[in-house]
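Presented sequentially are two complexes of chain A, the first with chain B as partner and the second with chain C.
For the complex of A and B:
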């Protein structure tokens, strides 16, 4: 009952349980944080709008993105992954989501920003449905914790549209 | 030295009935572990409810050696979700983020393109020849939770199997020589 094996075993079980508990608590505390992020996106310019050789539409645009994601950071936050996606419907697809730009925010100081950038990833449709297309720009964020449950949310900004003709 | 003598003595004095009882107890422990694992598979909806991060392609968020808890629901995949998928012909699952999703009106099927946060290019190069998109059947689950460093145990045991054998050998010895 008091041999080395029993003591080592008891110690191991106890420390693993205590560690698991300690890891669960910060994740639980994330539920009570008050979050009110805000964002605004403007399209500054449509740089290119053409049909590729295999028939798919491609758009290149410049965006002006303002965001304040500081309220998402808690003591259990490791980083916030934020990205802007264009979301639209086509005759064949009920939903298309194309990520245009993303950023990894490592801390609260970097979470309030304004950036003007062309799209980081190519905006290519499955087909040639983009002329005159109305779409939403959605700012998504995924919070990666130091331990525990990851959570995500988004702000949908509707009302953007592409020109009726290629340029 | 006395401990070694004790161990040798207890091995010599093993009786058949005691040995069988211990074998049954061991069997019970192993089967309970299996039951818990299968139950976890049912609850989370995926074949591997827990995976270890093996590469640095999702840094700085996920480092090598972290473990991820997965869930799979009927909800369609959406951009931003961190998915774990298998490519036909490869047996190591990959953990990356969905950056593009196209959902068919008629069937509800989705085409998904993924990319690791720390990679410069998307995963087209990783998919099988001629494959442009991932589909639902490639995807094992979405990551919903995360614990740092715990996965190193699995990585060490896989990359240096000698440690696995030593551990199992020691455990076996412990079970045989315990008086209970």
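For the complex of A and C:
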């Protein structure tokens, strides 16, 4: 501690190490937060269901998505990324997940919403297995913190199915 | 800065930073604001910098007592005595 440089170096290292500890605490406290998100999805309409020229099935849907993700937000949350995926099984793949719609929720006020929209991303199968197919619509979310670990979870809503013939 | 001052400055720096860190976490947990935590801690770092970095006079309260020059004259430095003249190193 005999010179300015020495003291400046000691101060810098100690303050940065203390900062690391300080940032670990909000991340740790996130574990104890009480989270109970809810969601509901309805398929309003199947707009188009056809076979593409290269042989893959394609579906266009209109979805009515209601969700309340407000309890996911803590003081250490930067944003929540949520997306809706259609999940089903085919002979070729035991699990297919096709992302249909997503959103970035920047704060708690925007976390409770109801939206009616057609699918943002195309629902295309690897093959032509979708006629009469039963599938789940799953709402996944990733809670992105300001510091620390990102948590991800989902709600699975089973029981949707596609028509038996192309439209 | 003298030795006592150096010990003091190290303790002051560590205590100030730890206290400002604890205060930052406590206040921001209560107010649910991440920004408050960063602001309080930054303020604590600036305060620690102002107190510990410059060589304030109160760090020099216990200066070292150097011996008088007269004491050094009583104990002269030992002379280097050359043993023999320089011999040239010859290769065989």
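Side notes on the structure shown:
Everything that follows uses one rule, which is that the second predicted complex is superposed on the first by the 166 of 167 C-alpha atoms of A that agree within 3 Å, B and C clash if a C-alpha of one lies under 4 Å from a C-alpha of the other, contacts with A are read in each partner's own complex, and residues count from 1 in each chain.
Note that contacts are C-beta pairs under 8 Å (C-beta built on N, C-alpha and C of every residue); 3 or more make two chains touch, one makes a residue touch a chain.
Computed from a prediction, not measured in an experiment: that's the story for all the values here.
Once the two complexes are overlaid on the shared chain, A:44 sits clear of chain B and of chain C alike.
By the touch criterion stated above, A:18 is placed in contact with chain C alone, chain B being left untouched. By the touch criterion defined above, A:121 reaches chain B but does not reach chain C. By the document's definition of touching, of the two partners only chain B reaches A:94; chain C does not. In the superposed pair of complexes, A:75 makes contact with chain C only, with no contact to chain B. Looking at the superposed arrangement, the partner reaching more residues of chain A, out of chain B and chain C, is B. In the overlay built on the shared chain, the residue A:10 is in contact with chain C alone; chain B does not reach it.
Applying the stated contact rule after C-alpha superposition, one finds that A:146 touches each of chain B and chain C.
Residues common to the contacts of chain A with chain B and with chain C across the two structures: 4, 146.
Of all residues in chain A, those touching chain C in their complex are 1-2, 4, 7-8, 10-11, 14-15, 18-19, 21-22, 25-26, 29, 74-76, 146.
Across the interface of their complex, chain A is touched by residues 1, 5-7, 9-10, 13-14, 17-18, 21, 24-25, 28-29, 32-34, 37, 41, 45, 48-49, 52-55 of chain C. For chain B in complex with chain A, the touching residues are 3, 60-62, 78-82, 97, 99-105, 108, 111, 117, 122, 143-148, 174, 178. Only residues 4-5, 23, 27, 78-79, 81, 83, 85, 91-99, 102, 104, 106, 121, 126, 140, 142, 144-150, 152, 154 of chain A touch chain B when the two sit together in their complex.
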